Each structure stands twice: as structure tokens, then as C-alpha cells.
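Read through the structure below, which is laid out as C-alpha cells, and then see the notes.
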Amino acid sequence: MSSAPVFEHRLTRRVQFHETDAAGVVHFSRYFVYVEEAEHALWRSAGLSIHPRQADVGWPRVHASFDYHRALRFEEEFEAWIRIVAIDEKTISYVCTLSRGDTRIATGRLTIACATRQPNQPMRAAPIPPEVRSRLAVAPSTGAAKRDES
Amino acid sequence: MSSAPVFEHRLTRRVQFHETDAAGVVHFSRYFVYVEEAEHALWRSAGLSIHPRQADVGWPRVHASFDYHRALRFEEEFEAWIRIVAIDEKTISYVCTLSRGDTRIATGRLTIACATRQPNQPMRAAPIPPEVRSRLAVAPSTGAAKRDES
Amino acid sequence: MSSAPVFEHRLTRRVQFHETDAAGVVHFSRYFVYVEEAEHALWRSAGLSIHPRQADVGWPRVHASFDYHRALRFEEEFEAWIRIVAIDEKTISYVCTLSRGDTRIATGRLTIACATRQPNQPMRAAPIPPEVRSRLAVAPSTGAAKRDES
Amino acid sequence: MSSAPVFEHRLTRRVQFHETDAAGVVHFSRYFVYVEEAEHALWRSAGLSIHPRQADVGWPRVHASFDYHRALRFEEEFEAWIRIVAIDEKTISYVCTLSRGDTRIATGRLTIACATRQPNQPMRAAPIPPEVRSRLAVAPSTGAAKRDES
């Protein structure tokens, strides 16, 4: 397993046909699927599963957004680069940049909360477990990253 | 609640944009979503939920198919007519016809099995509960129905 | 057709099974499908289609976000209330509130841009056509609406 | 590019969270997405795109079916093995087996038709173009394949 805590992941992905819509491009709701796929890959690279079969906590989303700059089309390859930008007591925040080669496609933000997970009961906010906290880290704020997000 | 057992349901539905693909028509995988929406509406009309929060059994699909005759496009209205064609000890079989006005769009078949549903255990085939069996019925095989399916 | 310009729409919807995920609730990406369904219903109520078969312009999304307050579960009925909050030269902005009875589920924002739509050419921002502008209006900012969004 | 015609493809894939439903397993409609992803990868491995931006023909689906044997869960890795079993004048038929290790998950069939593709006109059946026909081949019917499909 990884020794140093993980703060980013780059997922390379090809646009599938079922992700396109009648405008000939990827449907805007699918970008949220892309950021989640990148998020879960980040967790796996940290030796974690975000939804193990038996777990006391779950990770409901509390905020998700995208700014769309360019379209993606069928069979195009793109990269989803997700970074952890904040870890608070009960929430984790990410920024995600989708790009195709040098072209920036979209910039997204995602915040998830740790919540108790019990059958047939409403979720309640809960502290992030130490096991998770020790494996995830906040991404360093480099000039390059800042430029990319501007 | 309904007194006589229910054997069919007609669902009227409009094509949503996210259901289309880059060929400009509804993606073929969505037809299986349509038949399921009609199935669950049939169960509700029989006073049942196919997935109540606490239940001993679930209803995994064991077969699903569609023959596609015509395309559906954004904002078109269509009808999904589902009928129960067989109820065995552990399975229920449906036929579903999608149509837009007088135009037949597609004909599908769906078979589901009753299975025990316990956390973190594989599902096992189980007899259909009497409560379900008493509320659902096999559709009468009329000449009209036969003609429609030919 | 409608005489007065339309600025809001309330869509009543039931959660479908395929919209849920293994956490037992509606997947967060589906909320963006809900807001779009409400948007397109608003356009229809104004006598418009957002994607007619032959059109010079399309309406790519430039921003979409949701803040999630509560979960939605299978077969729950909810309301998606969408309002136009701004119409600029080339963009239209909406706010959308999802609620189940008196419970607020989520609050979303969506901004779309008018863009030229020509086969195999990149889209370019374009002024909103007068026909569209005359049928859509900005929602009045009432105290009730403000309270709801606070 | 490939020299020998291609008749099969094995796609390795991981179950994504948004593909699961409230029963905790992959939604049955998603299997049709998996077979299509494998189909399009097969075409790419043959040097073809099934939906190039400018093309005279498209490939609507005329039949799709799955028999479901086992469930797939979040983050499980599986293989979608698709083979061409017939190429007629205007149609191509595939068989697709989904498996996880030695466990057979599902067996599907898919038939697509070649059709003319013109803006705002209904599709019409058309002969498969020689370019496509020369790059695709029917899979040899081996004892192993037969055993697998029994």
C-alpha cells in the first residue's frame, strides 16, 4: 500500500457513446460521474475504498459544481485530474480539472461529508475516521495549480 | 388499494434529453430503464413496492431483451405497455411494447426472480411471497395482444 | 401558447430505481438530470423546445452546481422548482430547488449559453434569439423566494 | 492498423459507483452499456469508429438481450468478452460474455444493422460498406466457445 498520503490522482478516460447526447457531445451531468470516478480511483490509490461493504460511515456529497469550457465528443481521450484542497473535521473538498491534451475542458469542485451509515436511518455528520485521514492529504498549492484554476 | 389482481400497466412518458445519444435518438440501453419504470408502476398500481426499505426478498432480473423497430427522439411522447405473461413458483415474466401513437417502437421481454435479500450475502432463489402473488395476475392472452406481438 | 413570458416551472417527479446507487439514495449526478428535466419543461410551457430538430443555435451549459441537504430514496415523490434568475445577452441563469413536501432536498444553479450550432463545427457564443427572449422572463425576486434560497 | 480482420475483443473494466443501484449491485440496464463499450473497443481494434463525425451510415441496434447469472458489485473487476457470430448483408451479430475471474456473470446478444444516416431523415437499412466488412470477421466456433455459451 501507499506510504505517503495521497492528495491527487490523474484518470485517463475515453468518452463512451452512451455518455453523449443529441447535441453530439458529452451530457453535462456526466462530468459529475467523471469526477467521482477520479475520486474513487484516488481513494483506491491511497489503499481505501469509499464504499466498502461493511462500513460505519458513508460519504454523501454536499456540494458539486462544474464550469464548462469546451465540449467532449465520442471516443475522445481526456484526463480528469482531481486534487484534495481541504480536509476539515467532517468534510473533504476536491478540485477537478478535465482536459484533452492542452485544452482545458471543465473545472469542477466537489465536497463530501463523512456521515454515519446505518440501515434505514438518516445519515448524520461524523468525524472523518483516523484511518482515512492518515491516508489522504491536502494538495500543495503550487503556482502551476493556481494558474490552471484561474 | 386495488381489489382485482393487476396484470398490465400503461405508462406514458416523454423522452428526456439525457436519454438521447450522439446519433440523435434514445440510447438503446434506456429502453430497459423504460420497461423497469413501467414494471414498478404496475407494482404500485397493485399496491406493492418492488423494493420496500425492509424486505426479506428482492427481485433480480434474470432475462431482459428488446427488439428495436423504430427510433425515439427528444421530447417525443410514447407509451410503455407492460403485461405479466407468466408467474411461476419463483419467477415473473413480462412483455413490454413501446409505441408512439400507432407506431410500434420496440418489443421487450423481462423475467425477474424472487430472491432472498440479506446484507452481504449472495441472493438465493426463493418462492414468490403469497402477498405478491395475490396482487399480480397473468394477462389474458387476447387476439389483440397476440396480433400486437407477432 | 402562453401569452405572458414564463419564468418558473414546478416539476413533480418520482424517484426511479435506476436513479439510486448502492448507498440506497439517488446518485448525486442525477440531480443535474432533474434540473434539466425541469428546465426543458419550463421551455415547453413557454411554447419552446430547447433542442428542435432544425435550429441555428444550441444551449450548452456553462455552469452547473448543487448544494445537497437531504437524500432522496426510491419511489419518493419530489418537486423540482426552477426559476430564471437572469437573462443576459448570451446567457440564461436558473436557480432550482428540489423539495419533498416541506423538506428542502437540494439547491442548484444552472447557467446556459446560446451558441451557434453547425454540423462538425465548434460552437460559438451567440445572442439569444428574440423569439426565445420574448417567451422567457426573469423571476420576480420575492421575499418568499429569497427566504427559500437563504 | 490491424491486418487480419478482428472478430473478438476482451474489455477489462471496473464497476463504477454510479452503475450500482439501491439493491447494492450493478443495475441490469448497465450491462447493455458494457456490451456496447466492448463492441466499440472491438471496432477500434479493427481500425474503425462506429460513429465517425462524418459518415454515410449509422449502426442502430435491432436486438439486444442478456441472461443474468450473477451480480456485480462496486469496484469489482470484470471482463466483457465480445465476439462477432454473424455478418449478413446488412446486420452484424455479437455474443458477449461478462465474467469475474472464473465466474460467469451474464451472457448477452446484440444485433446491429447498417443504416443510412442523413440529417432529419429516418434511417433506412443499407448494405454494410466494404471497408467495414473487410476489417471485421466472424468468430470461429470453437468447442471452448460453445461450452461457454451452453
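Remarks
Note that the chains are named A, B, C and D in the order they appear, and that numbering of residues resets to 1 at the start of each chain.
Here is the rule we go by: contacts are C-beta pairs under 8 Å (C-beta built on N, C-alpha and C of every residue); 3 or more make two chains touch, one makes a residue touch a chain.
Quick caveat, the model's predicted, so the values are computed rather than measured.
Across A-C and C-D, it is A-C that has more C-beta pairs touching. Over half of the residue-numbered contact pairs at B-D are shared with one candidate from A-C, A-B or A-D, namely A-C. Taking each chain's centre as the average of its CA atoms, subunit B and subunit C sit 29 Å apart. Centres computed as Cα averages put subunit A at a distance of 24 Å from subunit C. Distance from the subunit C centre to the subunit D centre is 35 Å, each centre being the mean of its Cα atoms.
Of all residues in subunit A, those touching 2 or more other chains are 17-18, 22, 25, 29, 33, 36, 51, 53, 73-74, listed in ascending order.
Taken as a contact graph, with one node per protein chain and an edge wherever two chains touch, the assembly is complete, since every chain touches every other chain. Every residue of subunit B that touches subunit D in the complex is listed here, in rising order: 22-23, 25, 28-30, 32-33, 36, 51, 58, 60-68, 71, 117, 122-123. Against subunit C, the residues of subunit D that register as touching in their complex are 17-18, 20-22, 24-25, 27, 29, 53-54, 73-74, 119-120. Of all the residues in subunit D, the ones that touch subunit A in their complex are 16-18, 33, 36-37, 40, 44, 49-51, 53, 73-75.
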